[in-house]
Every structure is written in structure tokens, then in C-alpha cells.
Amino acid sequence: MGVFGIFAGEKTNVASSVYYGLYALQHRGQESAGIVVNDDGVFTSYNDSGIVNDVFTKDRLEGLGQGNMAIGHVRYGTLGTKGRINAEPIVINHVKGKLAIATAGGIVNASELKRELELQGMIFHTTNAAEVVSYVITKERISSSSIEEAVVRSMERIDGGFCMLLMSPQKMIAVRDKHGFHPICYGQRESGEYVIASESCALDSVGATFIRELDPGEIIVFSSKGIESIRDHCGKARESLCVFEYIYTARPDSTISGLSVHEARARAGALLAAAHPVEADVVVGVPDSGLDAAIGYANASGIPYGIGLIKNKYIGRTFIAPGQDVREDKVKIKLNPVRSTLNGKRVVLVDDSIVRGTTCAKLVGLLKNAGAVEVHIRSSAPPFLNPCYYGTDIDSKESLIACNHTIEEIRQMTGADSIGFLRLEDLSKLGVGSSSRGFCTACFDGIYPTKPPVIYKNKYDTKISENKK
Amino acid sequence: MGVFGIFAGEKTNVASSVYYGLYALQHRGQESAGIVVNDDGVFTSYNDSGIVNDVFTKDRLEGLGQGNMAIGHVRYGTLGTKGRINAEPIVINHVKGKLAIATAGGIVNASELKRELELQGMIFHTTNAAEVVSYVITKERISSSSIEEAVVRSMERIDGGFCMLLMSPQKMIAVRDKHGFHPICYGQRESGEYVIASESCALDSVGATFIRELDPGEIIVFSSKGIESIRDHCGKARESLCVFEYIYTARPDSTISGLSVHEARARAGALLAAAHPVEADVVVGVPDSGLDAAIGYANASGIPYGIGLIKNKYIGRTFIAPGQDVREDKVKIKLNPVRSTLNGKRVVLVDDSIVRGTTCAKLVGLLKNAGAVEVHIRSSAPPFLNPCYYGTDIDSKESLIACNHTIEEIRQMTGADSIGFLRLEDLSKLGVGSSSRGFCTACFDGIYPTKPPVIYKNKYDTKISENKK
Amino acid sequence: MGVFGIFAGEKTNVASSVYYGLYALQHRGQESAGIVVNDDGVFTSYNDSGIVNDVFTKDRLEGLGQGNMAIGHVRYGTLGTKGRINAEPIVINHVKGKLAIATAGGIVNASELKRELELQGMIFHTTNAAEVVSYVITKERISSSSIEEAVVRSMERIDGGFCMLLMSPQKMIAVRDKHGFHPICYGQRESGEYVIASESCALDSVGATFIRELDPGEIIVFSSKGIESIRDHCGKARESLCVFEYIYTARPDSTISGLSVHEARARAGALLAAAHPVEADVVVGVPDSGLDAAIGYANASGIPYGIGLIKNKYIGRTFIAPGQDVREDKVKIKLNPVRSTLNGKRVVLVDDSIVRGTTCAKLVGLLKNAGAVEVHIRSSAPPFLNPCYYGTDIDSKESLIACNHTIEEIRQMTGADSIGFLRLEDLSKLGVGSSSRGFCTACFDGIYPTKPPVIYKNKYDTKISENKK
Amino acid sequence: MGVFGIFAGEKTNVASSVYYGLYALQHRGQESAGIVVNDDGVFTSYNDSGIVNDVFTKDRLEGLGQGNMAIGHVRYGTLGTKGRINAEPIVINHVKGKLAIATAGGIVNASELKRELELQGMIFHTTNAAEVVSYVITKERISSSSIEEAVVRSMERIDGGFCMLLMSPQKMIAVRDKHGFHPICYGQRESGEYVIASESCALDSVGATFIRELDPGEIIVFSSKGIESIRDHCGKARESLCVFEYIYTARPDSTISGLSVHEARARAGALLAAAHPVEADVVVGVPDSGLDAAIGYANASGIPYGIGLIKNKYIGRTFIAPGQDVREDKVKIKLNPVRSTLNGKRVVLVDDSIVRGTTCAKLVGLLKNAGAVEVHIRSSAPPFLNPCYYGTDIDSKESLIACNHTIEEIRQMTGADSIGFLRLEDLSKLGVGSSSRGFCTACFDGIYPTKPPVIYKNKYDTKISENKK
């Protein structure tokens, strides 16, 4: 999930800037998108299921009008938080004003907080954590002298790995959890507007110059008085940047904690080449997120890099996949092999990760049909073994191939001639030169930086349905 | 506003029935529409701005699936409750289950209740009263042993003129306020399903036989155990049926409190003829809601009834009215005079009510251009002088022509040769034969059956905006 | 079908005026709509299936831009000319320029002409007659010195009952066939623009003053030089105005050949009362087109007029009629009886015509269920016995109830207590005072003013399909 | 432009296969898309502006129904052939049946043929060449004993660089011009259906096995009798395969004339490295079509290949580019530099071609802002100097930077440190091993394989307008 905000001194076309920003963050979530414009206390919003391009037609974007600040959100779909109803930012009215909230990440005690609030008679319209957070902040707001005081006090109650962007009538507030799980940074345009975004590539997209990332546990308040930073309000915690941000989530042209994502991926490829060398004729990456590591593997191993798979760039969410009875396979529609690269070759196929193994098996088949004599799979992530509670969409244990199978079994199931995963101990080497950085690697090693969530189920909780059309 | 519900014993196409029911109630509100289907505790819903036909495409209706019960709602647009966000039914999840709520009418103490709840930290996502009610019921539900107990206890706290339709996982509950402001009735189909609707014409539309109206203050619970009626829980009150339901709101083919709406309107026309006779050649009604009274006037006066205005039946919400600089007038687009009926004639023009007077003035102009030598306006409602707090969309005092002008001034402003309003004392005669019925006539005489609302404004309350597109 | 055009001296918002005009002519066809704007020789057009409101969204109407003239068309759906592809006006490019054509009515020798053209290698993209006409005119245009000369010469080859509106880069040309089957008139706005329309109500809708109708066989050319009338080019013919224009097609607020349509219908009701008197308590019309005759019947017979059926005014083309297995009947959805008008009464039910008899039978059932003790059907048209070749959408003989059943059988099939049709000899009395008018009454008496069509079938002609969605 | 067809022996879901095929050919045209399904002589079609995904919603695709054969088309937008009206395949009815036609390429004598036909009275509804072809074939069809005879005779009259796919009620006919400008091939599925496509990648997408390409001048007829090949009907011509198919148009995973497109591009990169060597630190390709040549350049030069630009994969036709006053640049939205690849480096930037030079200049700026110390542009095509008449969308001379500027001027205008184009003489070396192949290189060297077109302008031809919305 991704957040983007702009704080301009005066009334201007802030919605348009948020549109560009969300567009650059689209890879962080394609389930829903939303924008709230604040025109001196008047909030105008539009949210819906779909990608930014589909949700914001020209009319709808213009309908948001102008304002002096605005925030936006993109969500990816996890079970239970899909649909238009869960789209963020959410906007609420409380006795002292209004609040717009956009969150990215996971609140581990959301279920506990929700149960506590429900027992006080609070009502929930959505199944997302943002609504829980909005209640916590609103309750604190009643007895606080300012919105930032309410936010600071709320942070003592909320635990997890998350970033937030809040907008009151007069202020914009950016929040990063004390563990620093997910990136959030801000910058400034030449014209003076402050811009806040989940990734630096979104600052680039609106012509803003990167200033710095928020520190873990930092709260920054943008207001007409300027920028105020609040730290150390919720105690220290070991820094736990989600390593999967480098491996998969973030865009290669972003920089997180001073380390280029592309560079980190290329380094993963190099480490993979060292750990799992093989005699081969060509290194091929799975587009798009396996390409960086493939180049790293090629450079480190000396095996030539090649383009072995072409991705149909027109595939989108609206692809309707008709007539599946005729067995046209979606992987085959999306990726087509380049026979001249593969024919008669021993191929190293680099992908970013192996979750269920089904896509991998199909790719091995495609490559062999195109003449590859050997296919050696290299995964630039270690095997997934544990669920993530911090907002990364990793499948349940049941469907994680590595939970139920040995490496050799996986190799056989995919039909590969050899298979190699990035070693756990190599994860800490991704960021050479920024080595003090602590990573959260719970999905690989099960070491969670927070206590795990307690899930309360209401009687009819399992019976949630979306309009299917 | 209108509500419609169906309680079927088994899983069937309940959404389709609600669609037909809402369609028959469309005249009660064109701002938004919504349906919630309950399939044994799984709630599937779809709401949006627009009329039933626009909101429920074939795909969206099918997307609701089948269920054993369902409720629906149509809303008309009042200032402050417009937009998709305020569409009902609303669906909430609470600690003991789920609740879908659809309301019709006005809660006079909604603002007081909302303030009280906000001070406890409750958050409001909408500006409609249904959300306030949902909080009141949910708070009671926590300490109640059943949903109906929570509803009964809530009714002690909620005052106003309203009907409600609620749906819990296992039950459907219909509620009418103790004053009985607005109609709500139920019936049954031959196949056994119970059907609840704001007006009897909606029962007709799904082939259900009318059983009876709810009494003022009555709560009826439909469940697998059958029908249970709860009365006398909130004290007695003087019966105060909104007289405007007969004059304007309801459809002429509905029957309310045993009196045909068409009959009541025709009688208003007859009373008008007695109170404001005139020598004329033809009586013409303003389509559609002035036609019944025009026939009553014609029959009572002996002046022939004629068709003097043709309404373009294709006009709809999506009519875009382009090029208004060219002065094509919307009244002229909607209504065109029939010259052969009017030319050289002295015309009695019967309308249901005169609010701002602007439409009336345009119609007088149209008729005179078509050759009418005299135009005598007769309004089948008395002059509007007071705001309504019970869900009838009457303009503020500032724009009510009768608040600021004498009858003679109104006549001059409309260009009519004479003007006559239904007399206040004649209102009680609309229902001859059902004379015990007490009416609320507050909009005409200022006598309110409840205490008036106290409005609490939050700091940014006046700054609410909808996406304009 | 209906045509509408505006010829303005200078560049202005002509598309908007055509929109209003088509909107007023919507009753003449709901299958498709189209507008072509001519901006000094640049033609911009948009056509699609659907009613005017649906086809012309704000964006699409604005997309047509401004121009110095424009024409538009509404089509009703006959078998074989449905779908977007057949929408008019059609626009063609020929060697001497461009031509936009909109037609209303029927070309009896279209099939002969088409065959002849096809044998010369001409290609047809549509199944409508406008394309045939466009070929005839284009062929003549090559050897003519002006577009009007080409049109005049073409009229010698085209036979039938039709009006046309043509637009060349510099001129607008209105054409009425020599028999004068269908109405077409023109008027002028105060601002000077000429307006041409199928019916006078469309002139009203754009604030134009009626000047006169085209005479049968007249061609009028609007150009920068003013108005030029061309007559007597194709020989004289007996005047044959389609009597069904008065009975059903035209709007009651239009005037054709100096006779008000409303007046003609009321007179049909009076003639019906004289021919088929009955003892009854109330006269009820079937909305909307039976109401005028019902008033005529009531006034002539002395039986009171009443509102006995309420039409749901929100019904539209997009009504999806879900769950028809549940037997919610479309007639019942559309029309609901007013019990207070009907209960215990002997009812005269006046409809404009009886085609298949199925609707009539349902209405008799509805009225009797609402308490009517007797129902006497009166049809303001004689029985349909013959197909129409001149653009009126009358069913094939197979489905015309009167072709296969006696009057008494029809009475029994509908369940009515008596039934009466307008007498053939009374048709000529509809226009008392304009009695020289000759009517085409072929659908009733089989006397066709032209020779009948010869239909040529191509090998695959019966295999035409539209995309069903 | 691209064509795709499927000939199945029996009624099946052919529309779905065409959808997949067009989807794989989407890169050949994004302006419009269309499919015609032939169900034993019943043609059902749908065409519209937009990409395949947008035009063919689930409903529209299902609406095409099943059939025993189908053809489809994607068009790119050239001036004068844009808009829904020009979408192909076109379907015509003629006296001996029906014909659906889809064309790809350019007919050089289209204007001459059109003028000749217009002088015979033929009418043109579109501005595309397919309609001209349809007339030529239809005229021949009248005096031919079969559709293939008509096609063969028509080919004597039509000159240019084109492929066509035609469908009569019983047959499918694929045509390639005698020069063999553009590719077209066919294959077969295991289930027996024949599949015809502009590129081999589309055969892959539906699981068909490549059989062979059509030879220049070959016509293949698919019918219930099997496959019939017709050759040598229109004389021999020098083979002139469009070299731009390798450089830009085709997908890298396609194979044309036995040569892999990816391979040809990589070879262009290698030839470029030999002709224009430079000392540099990294070779970067412009996504997507510059990547293959960049790898070729890197491998040949020994300079490492790197990912220097990330393309936003969500950009689509509907990207609305709001607020351009704020100067968010579309190139910057689409492509973002990877600083870690570029910073402090001497960069070779490989693009497929340089047309106007404006994108190049922006990219050089982006790279330098990201820290590149030198940027050396290498274009894998020679400079464009001449218009193309064979269906490749090359700008007019006025906007071709190479027509008006020296190489050194171009270098200065783009801000590059050096610039190098593929040498004309190297074009013939792209296909080493398939060296007999003759290329059309007219856009580079002005040597046209056919006589040039003669353009006839009708009086109002320059005044063509599309509805802008």
C-alpha cells in the first residue's frame, strides 16, 4: 500500500499532483485508489476499486476541485479488505472537526483495539485498520488540545508496521511506526510545496527534490507555521525495515535508507551467483521484478545476460481472460519466450521469489518448449515460511510451497534442472555500506519484531461478502 | 424517502423483488438507491447515487446474489445528505453481529444524539440520520438479549416522524414512529413471502396482497418463528399523519389509512372549487400531480376537464440541459401547451402546491401564449409557511413565496387572473369517512407534534463538499 | 421516426438546439439517435443506439462543437433496421463534396433500387433506406450542377411515404414526398435561425415560431441566399396523410395540417361514443396515448372521466425486468389501477389501438381485480388488417389479432364485457373543418396510395445479426 | 496494423481466440479494434476506438456469440483514418453475399481507385483503404464465379504494401502483396483450427503451431475443402520486406522470414557498436523497444549492460495527464532514471529510432540530472528522411528532425555528448544467414519499390472532423 500527500501554502491544483504521485506508487497496490482534497477545511473526496487510471477519470479528478493540501492512497487487495468500501483515505467528522486518514502497512493489535471499541458501542463500516485507527485518534482528540497531541497519544496504543498520512482542516501529519517497517519520505518542489510519499520515485514524478526519510517513530506536522518533527514519544525499538521492500515491493528507481532498490536487487543476484553457481549459456530474468537480480547474477557469474521472455505490456486489470475452457493460459498470454535467446541454451532463470511454485513450473515449460536444454531457477528471496503481519501480502502457510516441500521437491515440481534460493545470511549483505540497518526478515526466519496479533472473531465475521460485480 | 423489504422463508431471488418494489417507490426519492441481500447472515449490498434503473444494472443486481431476505431504500436529496456516501441502507458490523438499516422520514433529535455520541468518541462517516440511529441501536444491543429488545429500547431515545426497516442476520424488523407520520404497510405473496413497503402501490408491484399498515408506535419482527408485533413500548402520542403524503408525496394509486390518495386529491379539488369558484371554460391540471385535483375541481364545478399541458415523458435525471445561455427553458422543455384546449379559453390551472412561484409564473406565460384569455390558479395545498422536520423536503422560509408575500402579491407575481389556495380548515375534510385521523399540518399552521430540533454545529460542519462530478 | 434541423446564419451552438428538438421528437423513435454538425463544410457527427438522453452525454454533445447548421434523427426499431449501424443521419463523402441524410418514413421501392445498385457494384453497409437514397442522390449529383438539382432528379426515382432532411457543405434541404404521408414543418426563431422538424412541438421546444408545413412534393432549400421552394417536380398525387399520425404517432400538443392532434383524438373518442354507446359509471384512458380519446368519449357520452390507471413515470429503456421467472408482469410494473376510481364501477376503457390484444387482456384483468364490475373496451382506431409500407411500425399479419379473429372473439379473448372500434367511415371525420384532407388508411382498409414494394432477397439476407449486447 | 483470423471446422468460441490473438498484436495498433464472427453465414461484429481490452468488455465479447470462423483487426492512428468510423474489419453486403475485410499496410493507389469509383457514383462512409478494397472486390465479384476469383482479379488493380484477411460466408482468405512488405503467417492448433496472424507471437498466444509465412503475392483460401494456395497471379516483384518491422514494429518474440526480431535488434546493436564505438561505463536501453539493441551493443562492445530507466507499467491510453500547466512532463511520468546505475557514469543510451528528437532531449536531461557525466546516444535505425506509403506511421518531412538538421545539430539539440545512427549499409546485415531477403528501406534511402501514390483531393476532403470526445 502507498500514501502520497502534498501540502501547498495556497489554493492550487493539488489533486492533480496527488494523481501523479499515486500513479508512481501504483505498484504498491492495484485494488483501490482514493484522493481527498482539503480546501481550507472543506474536504472533497473520491475513492473506488480499481487502479488510479480507472478510478480517476478526467471528470472525477476535476470534480475534486482545488485546495491547499491533499492526500491519496493506493491499496492492494488482501482477503477481507477488498472492495470499494475499504478504499482509503477515509474521511470522518468528529466533534472538533474532520480527519482524513490513509494508512500503509499492518496494525498488529487492530483486532484487539476493534473488540475493545465495539464493546463500547463503536460501529465499524469497513474491515480495514484505518477505521480502527480513526477511532483511537478521535477518542484521544476529544481530550487533546491539538490533533498532533491526539496522534502522539494514539501511537502509544497502536502497534505494528505502518506509515500514515493524516489531514485535519489545517494540518497534514505524516507518521512512521517506531520499528520503521515501511519507507516514507518527504521532499519539496521549487515552488515550495511539501510532498510526502511512500517511495522516493513518487517525489521524482512530481518534480520534488528528496529531503529525507522519516525516522522510525517520527511524526512530522506540516502546517502554516512550517514543519514540526516529534520524536521519542513512544519509546525506542529495534529498527526493522521490511527486507521485502528491496526484494519485491518497491520500485527499482526508488531509494530506501540511502540504498538504491535496483542496486539491492542486483546485489541479491550477485550473492545468488556466489551461493548457487551453475554452468550455463544465458541468464534470463522474469519481467519485470526479476530483471535487476538477473543482471546482478549475469555480471557476477560472467554468463551473458539475455532477453528470454517478453511481457505483453497491454495486460491490465480489465483483461477478461475469456474462454478458459479452451485452456489459453494466463501466464502464456502475459509472457512469451524469445526462441532465439533460448534455443539450444542452458538457461539461468532469475525470479524475485517463489510463492506457490505454479508460475515457475509454467515458465520452465515455456522455456523448454522454446528450446532451452536446461533451466536453472534462481530466486532472489529465501523460501517463504511464515505469515507477515506488517502489510506485506504473503499467502497463508497452506499455500506456501516451501512450508510443505523440501527444496528438492520444489525443483521436481517446477521441472527445473536445479534450483537455488538466496541464503538467509545473505539478506544482511544487501545493503553493504549501510550495514547498520536492521531488517525485518520474519517471513523467512519467523523472528517477529512485535508481539503477534490476537484475532477476535465476531459471530458473523466469516460471512462477509462483496457485490461480485 | 421509501423503504422496501422482503422476508422469504428460503433462499430465493429476493434482490429482484426489492428492485421492483423500489421501482414502484421511486417517486419518494431519486437521489440514491440501495439494496442489501441477506443470505443466512452473509450481507451483500450495493448503493449509489441515482435512480433505481441507473444504480442497478443487470450485472449489479445479479451481483447481489440470492438470499432469504433483503431490504432496499430510495432517498431524495436534501441539503447535507446528498451523495453516494449517504445512500442507504447502511450496513454495520458490531460485536454481536451485523445490522442493515434503512430509514424514511426525519429524526428531530438526531443532532442532539449525534453530539452526545461524538463526545463519547463515536465517529460519523455520513451526514444522514440512519448512522445516528445505528449507533443508538448498537449501544443498546451490547446489553440486550435480542435485536428487537435493542430496537425497543432505542425507540425511547429517538423522536421524530419516521419509518425504519432493519435487518439482522436472522430477523427483519419494521418500525413506525409513535406519531405515525409516514405510512408503512405489509402484505404477503401467495408463495408466502412477507413484503414490507412505504406505500401499498409497491406491494401491488410484486404481486403481494395488502394485509395492513403498521400502527403508530408499532414494531413488527419477521423471523423464522413468524410475525411478532410489539406495541405500547414508547407511550401514546396524538396521531399525526403527514397531510402532504396525500397532497403530494404518495402515488395516487396507493391507499393510506384506508383512504385512496387519488380520492383525497380529487376531494381537495372539489373543496377548492367550493372555496374558490370562478367562471371558466376549461379545467387543466399540471402533470402529473395536479391531475387528480383538477378532475375533482372539474366535477365539482361543472367546468369541463381538459388536457392543456403535455409532459415530455422522456425527461430524466440525466437530461443535460445544454446551452442554457440560449435560454431554452427547462419548464418549456418539460411541459408544452395544447393550443386547441386553451386558445380563446378562460382556464382554471390546478397545481398541487405553490412553493417558490417561479414554475407557476412560467406556466401562466405558456398558457397565455397558447391563447388562454384568462388563467386562474388553484393550489390543492394551503400556502407553505413553516419548515418540516419530519422528512418532507420543503424549502427554507426564505424561499417560500407565501412567507414573504400576500396572496394578492403572489397572484401578481405569477401573472394569474385569480389565485386560490386550499383552505386550512378543509384539510381535515380530505378524509371524509375516516375522520378520526389526526393530521400533521405543521408546514401550513406551525403546530408541531414534537418538540423542535436543536441543531449542534461542529466547527467544520458547514464545509461539507461532495465530489461535484 | 423524426428529423430535426437548424440552419443558422453564423457559427453557434446548433448541436444543443438539435438536442432539444430531438428530445421533443423522442416519441417518434427510441431505437437510436444521431446529430451531424456542419461547421462551414466540416461535418462532425455522433450516432448510437439508445434514446437522446443516453446517446448524448454532456461530453459527446460538446464534442460536436459549434457550427452554422446541423441535423438530427431519431429512429424506432423495426426488424432489420436496428442497431448502431443503422442509426441516422448518415454522412457520406462523394466526389463533389459531402452529404448528411436523415430520413423518416418508408421508401416502397428501396429493395428494387438497392438490387439495381448492387448489380452495379455498389456496397451497402447498413440495412436502412437512407443508404439507398444516398446512392441515388450521389449518382445524380455527379451529373448535376447543384445538390438541389440532384435531389429533384432523385425524387423521380424514389417512391413512398417519407420526409428527408439533407445537409451539404453549404445548404440544408427539406423534402416531403408527393403524397404527403408524414408531417414536416419549419419555423423561425427571433434570432433568425430556421428550424425544420417532423412535428410542430419540436419547434416549440426551441422557441421557434411555426411558419408552415411543407406541401406534399415540396422541396425547400435553405442557404445563405435564403429560402427557395421547389414544387411540381415529380407530378401530382392524391394527398394521403397517414391517419395514424393523429391516432398514435404524433404528440397531442402538435398540430398537423392545421388540426390539433389532441383535438383529433378527442374527436375520435366522441365518434366512438356515438358509434358504441354503453351504460357505464366512469371513462378511463390507458396512459398516455388513450387519455385524449377518453376525454372525448366522456364529454360526448356524459359519463364522468376518471383516472383509473397510474403509469410509473420512471420506466425507461434500461428497465431490466429481472427475475421474470417470478412472474412480475411488465404491464403490472408499468400500470397500476386506482381502486377508488374503479371499485364497484362499470368502466369504459379507452385505448388508442388494439394490435395483438395481449396488453388489453391484462388491463381488463387488472381493472377487474381492482373491483370493476364491467369493463368495456373502446379503441380509437379501427382494427388493423394490413401491413404499412410507409414507415409506421405495424406488426405482420400473423400477429394482428383482427386478421385472425372476429370482433366477438377478440372481446372474449380480452375478457371485456363489450368492445368497440372506431368505424372506418368515421376516420374522415377526425378533421372536421379541414375536410379536404385525404388520408392514407391502408392499414385499416388495404387501399394503398402507391404500388406495393417488391422485395429482393440476397442469399444471406436473412442471416443478419447484431451484437446482442 | 494487425490482422488475426481463425478458421474452425465447427461452431466454437472463435471470438475468444481472436481476442487473445489481437491482444498479442496490440503493439501493432492501439487506435481501434474489431472482431467479426461468422456463424455459418451470419456475421456478428463489434468495432470501436480503443485498445482490445477497452473495446471488448466481457459482455461485448460474449455478444459476438459462437461461430465457425472469425477475423479481427487492430489499427494504429494515422491522420485521416482515426475514429470509430474507420475501425476494421468492415462488413459489407453485396448481391451475392457478404464480405468482412481487415487490412494491414498501405494501398498506394487507393486515392486513384477511390476517385475512379466515386465518378461511378460509389459512396464512401470512411476514409480508410479497406473500403476502397471492398468496392474493387465487390465489383469483380458480380462477374466472378467465386470470391477467390474476385480477389485474384482485384489484386491486379491494387498496388502497395499490405496484407489482408477476408471472410465470406463460407471461406476465409489471406492475402499478401506481391512485394511482401509486411509479415503474415499461419499455423494450426492441435484441435485442428487454422490460425492466421500478422506475427508469429499471436500464434503462440492461442497455442497454435507455426506452419509457414505466406509468400509475397500468395493468396491462401481456407474452406471446408481444406487449404488452397494461389500464386503467381499478379506477376513477380522484387521482395521488399519492411526493414522497420525488425527495428520497431514487430514484437521481439516474433520471427519474420526465419529471423528472430530480438536477434535482428541485438545485431543492430552490435553493428552500431562497431560503427560508433565510445568509451563508456554502462549501456542503457530506452524501454521497451531499445532494450534488445542495448544488449547487442553491450555484448559487442564489452561495456556492461545496466537498467537505467524504469518504465511505469501502468501507463495506458486513458492516462489523463491532468494539470499540464504545472509542467509535470509526460516523459518524466513514463520513465524514471535509476540513479545508482547512472550516477558518475559515462552512459551509452540506445533507442530504436530518433524521429523528432524531443523525447531524446528529455531523456538526456533526465540521465544527467541523475548523475550521468556523459550521455552517448545510439539509434538502432538510420535517420528518417522520407515518408512511408506502405502503412508505417512515419511523420511528415516537416517534423523529421533528420530532414532539417545535420547529425551534429541533432547532437547539440538533444544535449548528448555524441550521437550515432545505424549505417544504411548495415541494414542488409541484420539478417545474416537469411541474406537473400530484400528489404524496403525507402524511409531511409528514398528508393520506393512501387510507384508513388497520386493523391486526389475532393473539395471538402481537408475538412474532416471526428467527434472529439
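Note that the chains take the letters A, B, C and D in the order they are written out, and that residue 1 is the start of every chain.
Convention: contacts are C-beta pairs under 8 Å (C-beta built on N, C-alpha and C of every residue); 3 or more make two chains touch, one makes a residue touch a chain.
These numbers were taken from a predicted model, which means no experiment stands behind them.
With steps allowed only between chains in touch, the distance from chain A over to chain C comes to 2.
Contact with chain B and chain C alike is made by no chain in this entry.
When chain centres are set by their Cα atoms, the one at the greatest distance from chain D is B. Our note on geometry: chain A versus chain B, Cα centroid distance of 47 Å, whole angstroms. Separating the centre of chain A from that of chain D, both taken as means of CA atoms, is a distance of 37 Å.
With centres defined as mean CA coordinates, chain D is found 60 Å away from chain B.
Counting partner chains per residue, chain A has residues 62 touching two or more of them. If touching chains are joined by edges, the resulting network of the protein chains shown is one closed cycle, each chain touching exactly two neighbours.
Checking each pair of chains for touch leaves A-B, A-D, B-C, C-D.
Only residues 39-46, 59-60, 62-65, 90-98, 115, 118-125, 127, 131, 134-135, 138-139, 142, 169, 458-461, 463-469 of chain A touch chain B when the two sit together in their complex.
Taken in their complex, chain A has these residues touching chain D: 13, 15-17, 19-20, 23-24, 26-27, 30, 51-54, 56-58, 61-62, 201, 204-207, 251-253, 255, 260, 262-263, 288, 291-292, 295, 299, 304-307, 310, 312-316, 318-320, 322-323, 325-328, 332-333, 336-341.
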